[in-house]
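Everything below concerns the one structure shown next.
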């Protein structure tokens, strides 16, 4: 299984019924493909819609209906459209239950850096600073290392996105929770040893349950199981589109 | 209501060096015909206030490429390598503003508020040089209101009074920018007689709109 | 002619084409009856509408369409409805060209008091403080005296509505403009002498053009002249309703 | 979405002493059935946050008369002599707030802002005890955000997700209050299936609404 898919599947288990969730562009978008059965989640796109669905069939794209990454989407029944001021009133006013964002670095105090690399790329923070400052839960979904270097570090070397401590870090190797005491290793990916995780991490990890840290479950997901309901990114085609978009975003950065 | 104006006339009204708000999010909901006319007339030295600079050949990205722009205030320029290049070369000065703060600063500018007190940006480079206020034990950044000489809006429908509607995610910054400029020019897809848009469907009251761009002949 | 009508007619001459105007409840509402021909004015009611018209025919009232005084109104073609935050963004953001408000007192610096009489009535400021602080022009429409006492005074004895100087005072006797130099008598009502005005005023008046101050014109108004256009309060029936409302408001206060 | 609840159930959820925002302007657009149920259950000690106290027997005026109210934050009480009487007798404490400031304070409370910087009230009794800030040479009053335990909204249509529409001047404070309370209860005139209200017609997104009051049987 690809690292991205492991991460997206594990993050999806954090989704709760009847909540409002914002998925950052790129990897986090994939989380929408793995919403657990029986869970109803409203996804917000900060460019102004709640309740968007799968990419539309070829030739039926609406030029006025896109997600925050500029990709065509469709609207689910019951969707609501609104302007940017309203969208960020939702984000900053504590109405967003959870956001899932990519990360460049997280430090031992749980601070996230994900919007620029000085002297290299300055894409801008977009809505990231608002999302981290405003969402009830902030989940960082990122690969554990970049070109062999740990992305979880003792102290940020990149500019932080917010002063606030994120709620959870999910990588293809582990689930880590920043706490008052420090970064706590909560779960390891199936087949990954605690030693591997520690060796790939640039900050001290507190071991929750010692070396016997529990491995997280990745339930088999029947891709077409929900064919009767609106797709919600669950069909092969939509997942392929979203995966391609996620990779495209990464190539841009 | 005045007669509708052409996109060329709208572009001619906007002098070099003007500050201009552009609706749009990655080109969706941006006033494309006026943008094309600004490029055609060779506008120079504009200050752009917009969410992002879209991509080369799309939305305000065309203004960046054509050398019309001196300053940009936006939340994101990562999708337009030309903006990055011109920023690094010093041709364009870029002020990055968190997206929610950008929306609120524009809203403050249009609503007579003295500033915006927000958690966003506290403890980041965004707070450099700005006042941080402690209110009830929490830190808030004071961000200043934002206004412009012109706001260029893309609307779905306009009636002859200038009442506007928007479509889905093409609304984005357009409604809030309608309040925050000395001259507001709207480029609608459809123009309908007064009374066709019901009062509850109006998203921008016509009193805010100074000029409507007519449909192509 | 009744004092109220004189005031409303004179204020109406201040209306300019293609402007947005808010009329306070009570006397100011009457101004809508005398909009000069050829002038198109959009009236805002701060409870959330631009473009309202005459009271509806009996039995056709809409319970969800009222003015800021709670009276039934109709919507003109092209009307726009909005919420209170938007309504006051219009008022406070400099989008309102003119407001006409009643007054209890105006002092020699042009400050208005119109929202409470300590120990007597405390109705609340409603939108008055926002209107005076935010409108481009503030016109006070009030009777020159109350029970024989001047309402234009050297210094307010009632709590001010705003720090800001109002633009113009229109009474049944005179038109007075507060300036840096003080209160300037600009016009007198037809048949009213400057001496009468000075005697009825509790503050120093600067005489613009000396004792020969020009009298204002009150063009004869053909009440049914605009029958082909929407009524806009010009018919006898609507004017009667509005006059009664204005008197009702006064009885309340 | 949960099942619709009765007005009685809604009233039972609101404990004595709670702070409650009520939409409505002189009774237009106020949640009348929940108000009646609050009177019927004999609610006590409520803090009302609302534009005005309507008039005796109308809208929140019924709560005033029935002795349900301990505090009122409103812009206007002049149309309800009972409020005035109870204020003078000390039974009800009234805080008068300029109407625009009331709307912005509620919006700030619902949008995560630290306060409102406004010209309104500068140089008046409203500024007493409050901070006045000089920003760019102009004075602005710092007004604090306003939130409540409950917001009771009157809507025109609701769908099963809680998406709301409003009608004409019955919107008033309802949309802004929807953001500013821990529990939001909407009393719509019509309840329609999901999909009947188009995305662009939604004025309050359903994610903000916790409970819908069902129509009378």
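Labels A, B, C and D are assigned to the chains in the order they are written; within every chain, residues are numbered from 1.
Here is the rule we use: a residue touches a chain if its C-beta (ideal position, glycine included) is under 8 Å from a C-beta of that chain, and two chains touch if they have at least 3 such contacts.
Treat the numbers as computed from the prediction; the structure is a model and nothing was measured.
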Worksheet, complete the sentence: Taking each chain's centre as the mean of its CA atoms, the one lying farthest from the centre of chain A is chain C
Discussion item. Can you work out the whole-Å distance between the CA centroids of chain A and chain C?
Written reply: 56
Worksheet entry | Length of the line joining the C-alpha centres of chain C and chain D, rounded to whole Å | 29
Item to complete: List the centre-to-centre spacing of chain B and chain D in whole Å, with centres computed as mean CA coordinates.
Response: 32
Worksheet item: What positions in chain D touch 2 or more of the other chains?
Response: 104, 107, 111-113, 118-119, 166-168, 171, 199-200
Worksheet entry | Per-residue overlap in chain C, given as positions that touch at least 2 other chains | 49, 75, 81-82, 88, 92, 133-134
Fill in: Those chain pairs that satisfy the touch definition
A-B, A-D, B-C, B-D, C-D
Practice prompt. Quick one: which bits of chain A touch chain B in the complex? Just the residue numbers, please.
Written response: 45-49, 62-70, 75, 81-85, 87-88, 91-92, 121-130, 133-134, 159-164, 252-253
Discussion item. Help me check something: in the complex, which residues belonging to chain B touch chain A?
Written reply: 25-29, 51-52, 74-79, 84, 87, 94, 96, 98-104, 106-107, 118-126, 139, 156, 166-176, 203
Worksheet item: Residues of chain A touching chain D in their complex?
Response: 20, 42, 44, 49-51, 75, 77-82, 88-90, 92-95, 133-134
Worksheet entry | Residues on chain D engaged by chain A in the complex (per definition of touch) | 107, 110-113, 159-161, 163, 179-180, 194-195, 199-200, 202, 205-208
Item to complete: Quick one: which bits of chain B touch chain D in the complex? Just the residue numbers, please.
Response: 104, 108, 111-119, 133, 135-136, 138, 140, 144, 165-168, 171, 199-201
